[in-house]
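You will see subunit A twice below: alongside subunit B first, and alongside subunit C after that.
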Partner chain A sequence: MLGSSLKHIFSMAASVAGLLKPWTPSVVLVRWSRYNPYYLEPEVRREAYSRPEAELSAEEQEERKLKELRPIKAATCSTTSSVFDDPLISKFVRMIMTDGNKVLAREIITQTLENIKRKQVEKYHKTPAGKKEEIECNPYTIFHTALENCKPVVGLASIQKGGKSYQVPIPLTDNRRRFLAMKWMITECRENKHRRTHMYEKLSQELLAAFEKEGNVIKKRQELHKMAEANRAYAHYRWW
Partner chain B sequence: MALHRLSLRLRPTVAHVRSIHTSRYGRQQEAAAVDSESEPISVFRTQENDPASQSEKQIGQFYTLPAEHIRLLFPHGLPNRYQQQVKTFNEACMMVRQPALEAISYLKKADYSKPALRYLFYGVKGSGKTMSLCHSVHFCYTQGWVVLHIPDAHLWVKNCKELMPSSYKSSRFDQPLQATSWLRNFKITNEPFLSKIKIKQRYVWTKRESTEEGRPLGELVDQGTSRVKSSSDVVAAVMKELRLQCGHPESNFRLAVAVDGVNALWGKSTIKKEDKSAVDPEELTLVYNLRKLLKNDWIGGAIITTLSQTGSLYTPKSAYLPQELLGERGFDSMDPFIPLSVPNYSEKEFESCYLYYTERNWLQHPQSRTEEGKKELIFLSNRNPTMFDRLCGFL
Partner chain C sequence: MSAQEKVRLLLSRQNGKPVLKPNRALVLKDAVAIRRPRKGEATCITEMSVLMACWKQNNFADALCSTEISSFYTCVSKAQAAMKNQSEQSLHQGRLPPKQALTLLKRFPNIQSEI
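Moving on, here comes the complex of A and B:
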């Protein structure tokens, strides 16, 4: 949010100054994400570099020429050009991380995925041949579908009108919905489960339940929807 | 594509081609080729489930261990991740690899009227030493030997909850918990032999309890499991009896001593006495008697061992050679032994493992089925069996 407001100020400054020269501050910020908007995003995927000149359209060729001259932002440590890279999993790892211990967070997530896969593959090998196709064994599809099932459609905002504050249903952006789904999942696993189970065990149980559209996180989402439905009358209090 | 190449390589073993100009032979060969193509050849599996009949042709292929054998022979011997894998896939498949085959061929050809040979599997971390040991032990079991399997010698020199001074020798220490659990597993594995073998000496446990000469070994083991206080001495007695009896021409059994993590017996231990001084492994009854068993002064059996850095105490992580892990004392005691190096997977073995995981629906990530993904897996794991297994776990 700070970055976007800065961009706002910079674009104002650009229009005022007329010329935005590329500059690096005298004290270089290594780990922050506050870059001069002149810097371009890095291209991590391997396929983008293996395409020959002829295949690219006119805009892509212009973009390439631009990248030759402009400075590029440094890629974060966790971005990889590996074929197994999943941005949603990376986001989830960052949300679970505490005190900067990304190694532990990543371990938990990989153990969760393995646990989900183990349970499903065991079920798969025990079912008779006719029903084998119904069982989903891919932990990544289960993870994505479970999060999709947890995402709320509308949210509530507290708006003050005439001295009283009302819970008003509002539309949510995609990022906000994804954030809420992940946050609910993590808090549910941290607080409402038995103390002596491992985090990966709790997460795998909750994700499998969410995949089947059961479980506490789905219940929380349904309650939010019910509240929004109940407060439909105040929807016109929203002015944006 | 790799499957196609492998099947081409293996086709000569399926239908051996010799240019004999007889029309009858030609037709037979065609018929054989048609038969083998009509049923799906799984190149990574073999039907030779008996370790005695396996040869170099089956290197890289998986053979199935019967569930009964797993339950009886390995109540405590298999690595944890492998046990989880057996539970998940609903079958126990082990890869036939060159070090284990070499050990089995020596076991078949050895002269059992000479002192017992010592085999030592060594290799980098995660290269498959414990699995090779289990393969050799499976061979011994199918041949009807008595199996004395210590799953991890490191567990006897660390994290000891109860340490008692020994009743037999005052300078030594007993470990009742470890001894009882080992005796229970020994009983499960060697059930048929417990009634056949008779002990040759009288053992006195307390003023009122003793085991007479001529009683079956089963009674001795039951004494150890029921009376926890004397269980370490019972273990020592069992080892002594088996060692003395298996060489005699009248006893018709052979003894296989399998120890995983043998470098623990000559290393340091983290157990402390009451005055906070460290206990030397020699002062523990279990370790002392196991060392006596590992000496090659008895006949009629074999000693198969493995080195292990993973559970070892005060050894650097990069050490894997026998000289480094056993130390001077250990190497001198184990010398002479047959060293068997266990390397990482070869290309063929890696292919076979990859195909096995794909067939068992374990590699689920869509990218892992592509060539790019496979190259990345080879790079990340360096063809190390454990690393490959851990990578495929979450992919």
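Moving on, here comes the complex of A and C:
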């Protein structure tokens, strides 16, 4: 009840932009995911604060002055200013997590990265001296490139026209593409692998395959592209 | 002639039949009808068709179609920015969207009684 009334106030304040004044409701929750758009995002990176005054004078100075006066949203528990903080890995951990067991999800991911590193270092030591530079040993870059290779370019949406529903190819936002890549990766590892292997083993196999542009997730992505290409005649059914 | 006098003329029975025979009071409501916005056109169709042709030629290999993919992405980002600007521009052109008009009317309704 309180949430819906707050939502109403926020949506009202957000929609009527001309009346957007420095205004906060009398009852404020400390950590909340929906804030008045008057609140600014927190700056977590350490490098942003260690820069001297003489960088990017006009914009930066203005932004800093603004941040001194405006209220700032509370940072979430998962954001850190450490060098090991990777937003993509954090997102993946949250997607793997079930029943709120983030410790287990994070363990799985760290074991996956370790496993990837082990396999790559083994490969590195086995290759002859001339080809050693081509082996990528950094598990984070492997993770990032594998996910990039899994992201689809166009997606399909079910649009109803004249009583019949058609699969129409549509452009996807970056967030949606990243979500689809991660979702396919996780479902593929959970369902289509041998049940006696650990999740970190399955994930590392699939990530290394995606890095080489092979494997079931890449196949799924190509199938989506083929479906989109087959349905390209219906592209005009979109209205946005 | 003011609006009140015009309305009085339209309702009067002195010059024959009245022009208006309202069954409700001639009073403005505190709400506006929310009409669905006009359906637009599909954006970035040419870029998409070019991309699909490239895919068909190269058997869906993405390494060979990188230029088409990047041009498609730029088109998509431009279209999204244009959509965002359009919703802001409608405010500046003197035309208030029905939802915002509704919230304003709810906050500042018509006067019901004299104070």
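List of remarks:
Methods note: the second predicted complex is superposed on the first by the 209 of 240 C-alpha atoms of A that agree within 3 Å, B and C clash if a C-alpha of one lies under 4 Å from a C-alpha of the other, contacts with A are read in each partner's own complex, and residues count from 1 in each chain.
Rule of thumb we're sticking to: a residue touches a chain if its C-beta (ideal position, glycine included) is under 8 Å from a C-beta of that chain, and two chains touch if they have at least 3 such contacts.
On a predicted model such as this, the values are computed, not experimentally measured, just so you know.
Annotation for the three-chain superposition on subunit A: subunit B and subunit C fit side by side. By the touch criterion defined above, A:Tyr49 reaches neither subunit B nor subunit C. Applying the stated contact rule after C-alpha superposition, one finds that A:Glu114 touches subunit B and leaves subunit C untouched.
In the superposition on chain A, contact of A:His125 is made with subunit B only, not with subunit C.
Here the apex is the CA centre of subunit A, and the angle it makes with the centres of subunit B and subunit C after alignment on chain A is 170°, in steps of 10. Of the two partner chains, subunit B is the only one that A:Cys137 touches; subunit C does not reach it. Of the two partner chains placed around the shared chain by superposition, subunit C is the only one that A:Trp240 touches, whereas subunit B remains out of contact.
In the composite built from the two structures, the nearest CA pair linking subunit B and subunit C is 26 Å apart. Residues common to the contacts of subunit A with subunit B and with subunit C across the two structures: none.
Within the complex formed with subunit A, the subunit C residues making contact are 39-45, 48-49, 51-52, 55-56, 60, 62, 69, 72, 76, 79-80, 83, 91, 99-100, 103-104, 107.
Per the touch definition, subunit A reaches subunit C in the complex via residues 12, 15-17, 153-154, 169, 171, 173, 222, 225-226, 228-229, 232, 235-240. Interface residues of subunit A, counted against subunit B in their complex, comprise 82-84, 110-111, 113-114, 117-118, 121-122, 124-126, 137-140.
Looking at the complex, you find that subunit B touches subunit A at residues 84, 87-90, 360-362, 364-368, 370, 372-373, 376, 393-395.
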